[in-house]
Each structure stands twice: as structure tokens, then as C-alpha cells.
Amino acid sequence: MSYKQRIAERAARTVSTGMTINLGIGLPTLIPCYLDQEVQLLIHSENGVLGAGKAATQENAHPMQIDAGGGYITVNKGASFFDSATSFAIVRGGRLDIAFLGALEVSEKGDLANWIIPGKFAPGIGGGMELAQKARKLIVVTSHCTKKGQSKLIPECTLPVTAKKCVDMIITELAVFEIKNDELFLLEIARESSLDEITEKTAARFRIRGKEIPEF
Amino acid sequence: MLPLNADNKMNKLTSYTEAISLIKSEQSIMVGGFGNPGTPMTLIEGLLKSGVRNLTIIKNEANEPGIGISRLVEKGIVRKLIISHLGLNSRVIEMMNNKQVEIEFHPQGILAEKIRSGGAGLLGIITDIGVDTIIADTRKVVDFYGQKAILEKSIRADVALIHAAAADTLGNLCYTKTAFNFNPLMAQAADLVIAETFEVLEPGGIDPDHVHTPCVFVDHVVHVENNPRLYGVLAHHVL
Amino acid sequence: MSYKQRIAERAARTVSTGMTINLGIGLPTLIPCYLDQEVQLLIHSENGVLGAGKAATQENAHPMQIDAGGGYITVNKGASFFDSATSFAIVRGGRLDIAFLGALEVSEKGDLANWIIPGKFAPGIGGGMELAQKARKLIVVTSHCTKKGQSKLIPECTLPVTAKKCVDMIITELAVFEIKNDELFLLEIARESSLDEITEKTAARFRIRGKEIPEF
Amino acid sequence: MLPLNADNKMNKLTSYTEAISLIKSEQSIMVGGFGNPGTPMTLIEGLLKSGVRNLTIIKNEANEPGIGISRLVEKGIVRKLIISHLGLNSRVIEMMNNKQVEIEFHPQGILAEKIRSGGAGLLGIITDIGVDTIIADTRKVVDFYGQKAILEKSIRADVALIHAAAADTLGNLCYTKTAFNFNPLMAQAADLVIAETFEVLEPGGIDPDHVHTPCVFVDHVVHVENNPRLYGVLAHHVL
């Protein structure tokens, strides 16, 4: 299992029946592969669909039916299509139970930076700002550190933020954190990792509740 | 294809050549679509060949290199893009970085609302999206009932290019699947609205409950071929 | 022919093929009866229909299909139904070629008052303010004088206005006026009336173009 | 009628009694409809009998005397109406004049946009409608890019009562004829959304292109009978 699959598998367990969720481009799109078969949920994609199903194959891909990342999708019974105004009415109206997004940086108070590295990387804003600011629960799914080995969880974001105090949970290949009342808590440790490793690789200050930290 | 009827003002079926000839250099042009679905590929081809230049294009994204409006940008006939993101178009990102095209970014749903607001005859919208970010630095920020808010101005354009699944000759449009996206919004927000469609019906051919864009917003309906080269499945996006 | 029919008959001649029009409640709804059969147009009603047809009868009235005044209507081929936001996007977006409205008062500069008599009559605003302010052409169809015999065309509105400088044309049972660049012009005189009668019954100042004033 | 299924969170089919019991005194309630079409007559009947009081009702108009929400106002359980006009209801006009009910008037399309804006998670809209009238005296008037403009605040409500032509058990709704009006807007703008419908379908029973209100906005679907007493043609409105 790759580190991405590990994260997606854990993230899938945050989802339960009846929820409406949005999956950011990249890692988040792996989450549906790990969902319990019993879970009935609605997947929203910001290009204008509610009730997205599995990725389409060569055989059933329809040229007019994609997700926000451009991948061809199937839809489930009871799906609906709509325009971009309605699609973001769902987002800004607080109708998403969970949005999963990637991150460049997350601050210990839950600020998220994932849309711009000034002078280097500026593909635009897309739907991220609205998803970050308005989803009922925002779960960041990301590698624990950058490719250069630096902690993505830091005391304060150095990059321009996508939204402030928006992140509720962070799932990395090493740990699960939650942010409550502007404080970062370590909730779970990956069975391949340890508190020492997490402490070493996490620049943000975090707290621990109770004595035992569950594994995932 | 139904006969074109110049004598009947209620018949909006227009030839491809005539429709394209109505678009001029220096104009602002809204283009429907999010990725390939809903992008009016045939009208864009027409624009590419028509000789117009110095365009301002308003669209969700710049399609992908070599596709849709990316071809207009690559050809150098687009002065400015008003857009939500360029995530799938490294070529246009490079042109942006080289200052070969000016880019104005908006949050995706706010871009949608600014266009919708223009189409609805409103002056703008009031939102808290982005108030805590650098985008607020270039926006009109006010206190609105005790809350930090951005006043966003409506966007309208000279022209809107729309892709509809079907149209009737009066100009009623309907969309399908994820090809709605910005099309119904842009179809209301321009002075000249040209819709391409694979299927042209007689009035009454669309159930009045299922009309997505009422005909009053549409000036011209252009019957186009569902050319697989332009509208087919992109192999690199199939799993 | 009643005075209302006289007005409606003249108003019908302002409409030509290809137009989209809105008919206010009351007198304006008589206009379609006098339209040339050859004229193809779209009738918008602000409750959410474009392409309204004739009034429905006992036989073909559908309980879910009315105009903004509550009357049951038929619809023509190519009609569409939509919500109230879209309906007023048509109005405010300037997509109505003509709106026909009644009036309590019209000023010589084209201010319209038709929604409130403070302390006496205040049924609300309805769609009138948006129709008056945003139709490409606003034609007032009204009796020339109030029931008490006072001119409805006056130098300045005494009642709260619906919109300022919005009226383009006024059709009464006695005359047709137009307002151009804040000036009122007498265009036509009813064959039953005379310039003397109009002068006597019109409090607003008006001008005449040319020597002959056509009859209608 | 499909079986109610309390175990399945995705099944929103709810009994009439249960749905009505969710509405409380002092709440703000949006009610769809423009005249009879689209007015949720059966849900209103339920409200009338439920004992709730001190309601704030948001609706296009107050129906006609003895019909729809007029019955709630006449019963004295409505504290305030946020509304566009009362033109067809002399009884409610009289109650307004006697200060038996508080009325807040808005231009019709602005009322629609304020509700839509609430449903779209915006703070408000910017408009020039009414800037030159007495309604500006009670509004937030600003200069917006050199133009006199009114900042209108979004409206949301505790509850929305919707009439849909058909619904599936997931809560997807569609409307018909002139019964759309305020329903699709209100269905997005309340914390608790209850839709009555004559026809309940299984998921998949509505073409995904023809869903007018996506299910995510709807909390409860109530199957009601097309009772001619409540939903029939009003003889006095037939020519």
C-alpha cells in the first residue's frame, strides 16, 4: 500500500451513510475505493454533479460526463446535474458534510494554504477557497512532509492562505490530527510510525488527549 | 437541419459563417464549459480562423493545451483571461508567467455568481469568500452588518458562446450531464448570445418544464456536427 | 368599444413580430385580443412563464398554469417555465422589448407613480418597480383622467414614484404621447377627441411635432 | 406510496404528521407559491392545525382570502409577513392597516434574489432597483463604482415549505408549469426543508438533467393527495 492509499483508506473511515462529500483533485479521489460497501453517500463535484459514482472505463466513458479534475465518471441512481452557480450554492450554503483537500501548509490553528506559491506556482483559485471556507468539515489529506522533508504542519502558514481556521482534521501517512478551538490534537498514530517520529517531523505544536494514542 | 429563415425574426437558426462573422476584435467573450463538456468547440474553431484578435475571454478554465480556448490563447489573440484556474494547462500558465496573456483569477463559485449577477441585471453580489486572503487586497472590502464582506461587481460580456445539448428554433436551450456548468449563466449575461448545438428542434420540441435557458436570452442557434475530433472522450482522462 | 378596449387596440399596434412583452395586471391584459394574427411574439408573465397564450377556458384551465394576475392561461409552442429569479433576470436584464403598465400619475419627464397612495392604498410593490425601471420600452396604458376627472399626466408626481424617467409612451382613450429627452410630445389624437379637449384635460406640459397630428 | 424507512438516512420520505411536528412557534417560514400554483396547501393545512403561533412568513403574496397562507394570517398566528405584494388579498391588507400583522414589502424580483442569495451562501446582492424611490429610505444605499446602489441582505429561514410536482426518495425535486416560482429558491434557503408532492419516485425516477432542486437541499419529502378542494382550478379566475 502506497502512502497515498494509506491516507485514502483512513480518510474513507470518516465518511458515513447519508453524507454529502466533495473530493479535491488528486489524493482525495482515491477515497471512494476504500469506502465500506454499506455506506450510501452523495459525492459532489464542483463542475456540476451530485451523486457521482465510480470512475468510468473506456467502455462507459461519456464525453460530457466528467469530474472537476477532468476524469470521466459514472453517476449513481438519483444523481443530478446543474450549473456552476447551483454547484457552489451547495458548497457555500454549507451542504457539504465533508470536503477533502490537499495542502501545501496547515497551521496549528487550522489555517490552510494550498493555492499559491508566489512566483513559483499559481494555477489559480478554482473551487478550493469556497470548499475550505464553507464545508461543514474540512479534512486535509496530505503527505506529512514536503518532498524536501519539511513538515507541512507548522505554527503559522508562510504561504498566502486559502482560508483561515478552516481545517478540522488532518490525515497523513503518519498520523491523524484534529483541530478544536484553535488547538491541534494528535488523535491517532499510523502503526508503522511512532510518537517520536511524529514529534520529530511535526513543526506545529500539538497536544495529546488521554494516555493511549490509538493506532490506525 | 431546419431551413434558415431570414424573414422570420422568431427563427434564430443561423449559419455557422454568419454567426462567427458577428464577433469582432477587442470584444469580451464568455465561453461556456468546464473541461471539455459544454465547451463550444466548433464556435471556438470559427473564432480561431476568423482573424479576430485582442479578445478578453471569460471562462472557468483555459481547457488543456491544444484544446478549446487554449488554442486561442496559444495563437496570441487573447489579451486577457478572466478565469477561475489554469490547473490543467501548463502552457497557458507559462504564457501567464511570461506576461504573454493577462490573467484575472476569481474563486470558481464567485466567478459563476458574478456572471449570473450580470445576467440577472444586478450590479453585484456581497460575499465573505476570500475575506481573510490576499484576494481581499484587490477587492472592495466593507463592513456589512458587522461582518467583513467583499462587494463583487457583476460581469457582462459583448458575446457569449454557448454549447447546448439541444435547442429549438426559437432559441430555447437545454443542457446535459456535466455540460451545464457555466453555460446557463453566460447565456444570460452577454449582449450577443450564440449557442451551438448538436440537435435543433421545432418549437414545442422541448418540454416547457425542461427548458434550461429561455429563448429570450439567445440571439443565434448554430447547428454543429458532433465531431469526435472535437467532442470525443480524451483518452488520457480515462482511468 | 369601451375606453379600455380603445386603449388596448391602440397599444396592440405598438407590438411587432419578434418582440418579448410583459402585460401588467388589468387593462394591459386586453392587448392580446387586438394583436394582428400575423404578429409572432413572446408574452412574459413575471410568475415564471415565457410564451403565454390566450386565456384558458373552463375546459382547458390547468390548476398549475396562471399568469401574474391569477388568471388561467394557455401557452404556445416553444413556451418555457422557470423560477422567479430567472423571471426577473429577464426583466432586469433588459430582455423585455415592451412592458405595459397602468398608472396613477405620470410626470411630463416620464416619472411613473402606480404602487402606493400613502395611507389609502398600499397593496405592495410586486414586479412593477423592476418592470418600470428595466423594460427597454415602458408604455403606460391608462384612462386619461382619474375617476374624479383629474389629469393623470401632470408636471410632477405627487405620489411616491415607482421609477423615475421610465415612461416612454402613454396611451389613453384620448391621445398618444411619447417622452423623449425628458419632454412630453403629443403624437396622436383619438378620432373622438380634439386638441382642445386634450389641452383642457392634460395638466402636464406637452409639445407637438409638425403641423398635422394624426388620428387613431 | 413507498414505505417510510427510518433506518435509511438516504430515504427522506416522511409522514405528514412527523413533518408538521418539526415546525415550531416563533420560527421563520418560507412558503413557495405564486397564487395557487406551487403553494404547499397541504403543509399549510397542517400548520393551521398544529397550534404553532408567532410565525414570520416569507412568501411572494398572501394568496387570496380563505386560501393558503391567508388562512394562517386570518387565524392570527402570523406575526410578520415578508412579501412582495398583497394585491389579491383585501382581507390581509385590512389586517395590515389595522396593525394585526406586520408587513415588510420588497420588489418581487429582489425578494426572489434575496432568498436565492441566502440559499447560495452569499451575504447579499447589490442592485439599483428602487434607488430613486421611497424604498431607498429604509435600505443601505451606497455609491458602487459611481452608481447609486442598494445593498440588500440575504434572507434565510428556519423552515421552507415547498410544493413539488414530483420527488424521489432521496429528495430530488422537480416542478411544473407556473408552480416553479419561489419554490426552487426557497428550497435552498432554509435550515429545514419540507417538500410536499403528489408523486414520489424511486431514485433514478427523475432524469438527472431534469432535477430542479438537487436532493442535498431537501430534508423531508411528504407524499400528499391532489385534493381538488385545495389544488383545483379557482372558478373566479377562469375567463
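Per-chain numbering from 1; labels A, B, C and D assigned in written order.
Following the convention adopted for this analysis, a residue touches a chain if its C-beta (ideal position, glycine included) is under 8 Å from a C-beta of that chain, and two chains touch if they have at least 3 such contacts.
Note that the coordinates shown come from a computational prediction; the quantities given were computed from them, not determined experimentally.
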Chain whose average C-alpha position is farthest from chain D's own: A
Cα-centroid distance, chain A relative to chain D, in whole angstrom: 35
Geometric centre distance via CA averages, chain C-chain A, whole Å: 56
Whole-Å gap separating chain C and chain D, where each centre is the average of the chain's CA atoms: 29
Whole-Å gap separating chain B and chain D, where each centre is the average of the chain's CA atoms: 32
Contacts with two or more other chains, residues of chain B listed in rising order: 113, 120, 122, 127-128, 165, 175-177, 208-209
Where chain C touches two or more other chains at once, by residue number: 49, 81-82, 85, 88-89, 91-92, 134
Chain contact graph, described as a line, ring, star, complete graph or other shape: other
Interchain contacts (touch definition) - all pairs: A-B, A-D, B-C, B-D, C-D
Residues of chain D defined as touching chain C within the complex: 34-38, 60-61, 64, 83-88, 93, 96, 103, 105-113, 116, 127-130, 132-135, 165, 175-185, 231-234, 237-239
Residue ranges of chain A in contact with chain B within the complex: 25, 45-49, 55-58, 61-68, 70-72, 81-85, 87-89, 91-92, 116, 122-130, 133-134, 160-164
Residues of chain B that touch chain D when the two form their complex: 113, 117, 120, 122-128, 144-145, 147, 149, 151, 153, 165, 174-177, 208-210
Residues on chain C engaged by chain B in the complex (per definition of touch): 17-18, 20, 40, 42, 44, 49-51, 75-82, 85-86, 88-95, 134
Touching residues on chain D, where the partner in the complex is chain A: 8-10, 119-122, 168, 170, 172, 188, 202-204, 206, 208-209, 211, 214-217
